[in-house]
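Letters A, B and C mark the chains as written, and numbering starts fresh at 1 in each.
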């Protein structure tokens, strides 16, 4: 299993991991297939979104904080229920097609690790499968 | 296709299906690959989240009920539009890596079938693919 | 890579692409495997939901517009931040099992391309992997 180490510095933070995922795909040396990015944490997530204007991941985080307020009479005693809820809404994995040996992302797309309960040391699992 | 039968008892209910999915993966007998869990229903979903404190799935359900109220001037005549909307927000499938013959879930992660329009008899499809 | 061209006509619009995806799966000629539908855009998404009553996709779009208002003091200058946020909430891909050579969708399920910043010309990538 390929693993990427991610160090987060804020409670909420989106970190572009496209270069690290791209390197893992490149190392496999196949042309056509699929790539999966999996987050083994329950207060974090992974998403694909715009990688050009840094205000986009900022707007996504701010709006998620409005939709799922940090304090909202949750029963989970650890105080981070909002992070768990955002993890379920955004999702624990993404799939990206691999074509011609590279991630077949759209022009503006990047892969973001989504921290919702940082700062923490996190890891991300990356798998690839060749399609013949 | 491997199928898991799930019987739900409430309108909203998260049911831990990790043991059943784990058994299917174990039976395949391969070491490295991927596992998919698919929900063939449009008023249910599947998510990965904390499997230790039962207040976490409870908080997720309660907050989803605030974000998508059961009654909100929907046009769908069957009265369960909120369940359809939550199904799209949470998602109809999850992917989990398989490593060393087992689900490579994080320490706190479990796989939850998400009922949004119960009680009902539901089923879940599980597929695995070996990566050489 | 199999590609489907999608032409959207409104700012928000769900388009049923099940027949096109089904045709691609049929052409592969294998019995058991998986199908992935990937959206290479950052203001669109893909979901699986009810394909019988057209009020269901309408209710989903309307509720998403309440959850993520089009104007909400976003910082992204292009004016379509809400579309980016909805893309992350709904997701950029779906997986569907393939069984007996066909998409193993549930009785009521269809695959919908979700436009959140139309009208535009869009494309969708479809991949399949045979499981032996």
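In the analysis below, contacts are C-beta pairs under 8 Å (C-beta built on N, C-alpha and C of every residue); 3 or more make two chains touch, one makes a residue touch a chain.
Keep in mind it's a predicted model, so treat the numbers as computed, not measured.
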Copies chain B and chain C touch via same or different residues, half shared test
different
Angle, in degrees to the nearest 5, of the Cα rotation that carries chain A onto chain C
120
For chain B paired with chain C, centre-to-centre distance based on mean C-alpha positions, whole Å
19
Mind pulling the chain A residues that touch 2 or more other chains?
67, 89, 91, 95, 129
Per the touch rule above, chain C residues touching chain A in the complex are 1, 36, 38-42, 67-68, 72, 74-78, 81-82, 84-85, 87-89, 91-93, 95, 125, 127-129
Quick one: which bits of chain A touch chain C in the complex? Just the residue numbers, please.
32-34, 47-50, 53, 55-56, 58-60, 62-64, 66-67, 89-91, 94-97, 99, 104-109, 129, 131
